[in-house]
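My questions all concern the structure below.
As written, the chain order gives the labels A, B, C and D, with residue 1 at the start of each chain.
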């Protein structure tokens, strides 16, 4: 019956970003799959904490029962979250954490993201060589966390040298140009760690007619395709998972809490490293790769045990 | 014909004062209706914008009958930084310039405040706020100085100083953080509460918005400075030949731009409680949209402060309505873009019809 | 001419703008209590000298001394403080401010200005009106009144009468006289000989940026001044070109332009007339009698509310100047700045109508274009020293470019609104000769001029506008200044009504 | 009425040397001055990291400058009319995304759909600005938002559409012939020639300048100004879409923020190239050099081992100094 169905609000402050769109799709898909959500109200625009506070307040006003928020800051939203909680609204922060005790937090561990990828790279280089760190946007929390993880990993490998550290701004062309410039500058490069701008970096080696070096990227469909298809050309690399379906998972948690099921307030999703070095791993990659999908679609499309939707549901990207 | 013709007539007219700043309407008193008509014709934004605001508010209440004190506060909080960005841009544009570094200036004040106020007391925070306002004015002055001394078009100068101030913000605070004392935040996030009156219906953010615009702008508008700013915005050569120190006035406009940006940056600190080095980026362009919707001519010299401020409220209210109406937010962006275009198109069309008459 | 009695002493001032030398060695001595004419052909450097004197430009060399003390003003404000105020050739009023605000801007007192305005015949001005809404002649007078109100020792008037109708000019002269009576000095720039000889005590003549002589401009000395200004050969050429209209032939057949019952608001009221090919029809009127609107309507700039306009007997629907131009009606507008591209070259300005239609958006036939442009530019003798940017031309030369444009691209009927405004005497004669030539070649011309004496020289027939109506029509031979003036004041109409 | 160049002809406090010599020469040949600046930059890179400037590096620089240069072509046109187009980034992104997601319809159809978006948005801009006289800045800000929003809605419907970038677009965006000549030069060069020639030698080029210089004068001379503006904005949209195709060719895949980073540089390149933001003055040759200068500057900063804030500050300061030097030269 419609009476015991819930209205869910979503707040996101980065639009036109494939990962975030997929996150929203996963929320809609999970709402559909759960059968107990009557409506998903999305507040989606570009902005910072100030804009997000306004959106959250509007969602509260709109009478939602739960809010899934991808927070633009750890501290800034706390007062609104508290206000929501006093009105009985369940708030789940996904992807990035908030420090408000009222909120449930379900995040990808970004420090670990940086650390496991970097560790794979340094191991693969046998603890010695020149690497390039291609970061995201300076001043963004996720970038800072990943850098922290990268740096922690680096401490264990004294013979690894970071010869260049750039900010790609998570923009394809910027990353591509930077890699090409670095290659042209004659710097000795033995490996590259990227914060998600991965496939264009691999392409840069091809265009520059240099032989491939190991590259760490994200679980983007296109990059995984490269891991599979360029293996024969001597390309090795690893994709670190960072599932956008934390959105759907967050919704599942929120619905559970609304139905008085217990959940811990902090759930961390540990990233996995998928490399193409062994045949077994390559087989796994082939299983998740889908040539039909958008190259920037993250192919780690579920977070077990939370999400229950099917692939067609998330691809449809339609809420109730 | 006498040497100093008609001095006495002049004295009669103006009560003996030959004060150059006497109100222009002092002697000829057309009927109230005629003056009102003329005022409306001359300041279409002054009449149209409040009407539009009332209309949109009415629509909001229609689609969301529960609209209450909480929502009014949401509106004020959301509009405050944008309104300050618009105010900053207004002063500069009225003087015939443009400032594309406003977002970065706001970011600098925002991180300055958050990084210095973190462990400060309320009183210290207020003192720091004053210092940050001064710093904002100085940054504005630097923008203005470069514009005047380099003789590069202002768009270019402020586009590039925008990069520079953005870098400075990052230098001050590498990633979001910092803080400010509760009392200071309350200046924007609280609601009016004095010894004799406590009303949840009057958000502090709204008071802050109105007073900062009034306190800074009215003295400017009512004195010679305002006159100079409008004059150089309207025709720089004519103003120069009328004896205006054009270069100083241009710098002054940027100083006020910097001051309003700093208020905007402080507003960001108050509403979010933190500093974020990228916080201001959205405000450069949306501030520009607000001033154009608010009837300020981008060629300078025409417009006022009321229009842009109301436009900032409108631009804040529209996404809210989209949420109330439960419109797919992606269509929401289409709608917002369309609305901006429509508002100015209708304005353009009205002007077109007017010119036909 | 003793040094002691001179108030202002400018010596060998030079100024160049890039490759253009505006002034080589200009000198000017002004005594206390005199009206001193500054004369010279278009582009001789008059305005530049004024701007140097008042601190708009810095001179490259030479000296300026006031009361025997060397001065170099850095801004008009500084010059004003020293007692030198100029009314520049183009208005120095800020369009988006009101009259009162403009006065406040210049720190002059409103009542004083209003009184001066009353003396100038503008008693009813609403000082809360925006400058942008006021007609050009009024702006000139406000500019003048504002200058007077700051009570300068030396008042500089750069072609103030160029845009003024006869009655208002008259008022300006009276003000200048009274100024002199008070022992003040006036530097007066004008291309109108009659004004200069009536008004001025002495005249300094500039040619190509050099002072070529100081003379007494009394009546009868015109030719001498002209030859100083222009150099002797040019004078001969232009004097030849200047001939009065032959007795008007009878015009018959289909009129080139016919206007029937034209109305525009209450500015133009039921105006009808026609012009035949080969005919020059003069329009005489005081300021603001509807002549601007009349010309605009015929040129497609404004839409008439009633009435019809016919070209070659065919009724026209004019919704855009392009419609008028296609029908052969072209306009030389009152305000040249409206018609010009300040940052583009003379060539592009002249050739603008040639590329106006979509059909001409393709490649330009450069040689043919150059030939037509050069021909027109030479025919009008435009000073092309600063040809790469039109805004660097002197005022008069800019005016010539507007006319040259239509010579180059062709037309059937020329609507000329005060084409000799700000044009030197040599060129003026030449332009009237040109108009006669054009008529002789079969064009029709509708000519408004603010200089009534010119009408019998250039026109075949004249209509007089008053209050938006045609109040008189006469052959040019009968249109002497007095008759025209009387009609233009509406007196003829009243006389008729009485009769 | 105020002339577009508001300080034109006023007292200059910052006069330059006499008439003879190298400075006045450069002043008459500003493009040459820009080229010298560009060369100085390249030399700077070579000094900072010897051995960097090789034919490969130069060809990379050209490769990367091309999309910016093509965006700059449209931006030059509209800025010459006194306008600006802030929708170019959204249009470029949108055309790239449409191309990739419609590849299954065939390469030619996909390209046409991408370019169609550019023409469509350009037309919308043109109608608003030329006919309804909306301020260009706001109009294009609005249409940019609209385009982006539409693309986001569209992308959600297209998650499983098998996006693919046609081979020849990939070659266009990243390929080279004869070892070092980037293929996108074969698109950019004709555009450059057409732009430079068209602006100087065609009626439409003349009118583009004229409209930016004095709209009223154009009307009085019988020009239907709206037609000129309309075509300029449509062309600008078209060039933006073309640039999007080159971009997607170089990245092999489109995401919805593909061209965002090019928005401000597309304006900066035109301005550095000496086109007046107020309209009526400038040209495309300058924009080309402007695009190259910005590209080389980006490379320089990549190779410079400095923290990001410092790089940002340097980026701003260098462009500022460049513009100042240039302004001095041409003042």
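Assume contacts are C-beta pairs under 8 Å (C-beta built on N, C-alpha and C of every residue); 3 or more make two chains touch, one makes a residue touch a chain.
All values derive from a computational prediction rather than experimental measurement.
Looking at chain A and chain B, the chains in contact with each of them are D. As a whole-number value, the distance joining the C-alpha centres of chain C and chain D reads 43 Å. Work out the mean CA point of chain B and of chain D, and you get 31 Å between them. Between the CA-based centres of chain A and chain C the separation comes to 72 Å, rounded to the whole angstrom.
Looking at chain D, one finds that residues 1-3, 8-10, 148-149, 152, 156, 276, 308-309 touch two or more other chains. Taken residue by residue, chain A touches two or more other chains at 15, 138, whereas all remaining positions touch fewer. Within chain C, residues 56, 75, 95 each touch two or more of the remaining chains. Remark: the chains found to touch one another pair up as A-B, A-D, B-C, B-D, C-D. On chain D, the positions that touch chain A within their shared complex are 49, 51-52, 54, 56-57, 60, 64, 67, 93, 148-149, 151-152, 155-163, 174, 176, 247, 250-253, 255-262, 295, 298-299, 302-303, 305, 308-309.
Interface residues of chain D facing chain C in the complex, by the touch rule stated above, are 1-5, 8-12, 19, 201-204, 206-207, 209-210, 213-214, 216-224, 227, 276, 280-281. Those residues of chain A lying in contact with chain D across their complex are 15-18, 21-22, 25, 138, 164, 166-167, 169-174, 176-178, 180-182, 184-186, 199-200, 203, 207-208, 222, 291-297, 314-315, 317. Across the complex, chain C is touched by residues 1, 3, 5-7, 9-11, 13-14, 18-22, 24-25, 28, 38, 42, 224, 227-228, 230-231, 233-235, 237-245, 301-302 of chain B. The residues of chain B lying in touch with chain D in their complex are 96, 146, 149-153, 155-157, 159-164, 166-168, 170-171, 234-238, 240, 246, 285, 288-289, 292-293, 298, 328, 330-341, 344-345, 347-349, 351-352.
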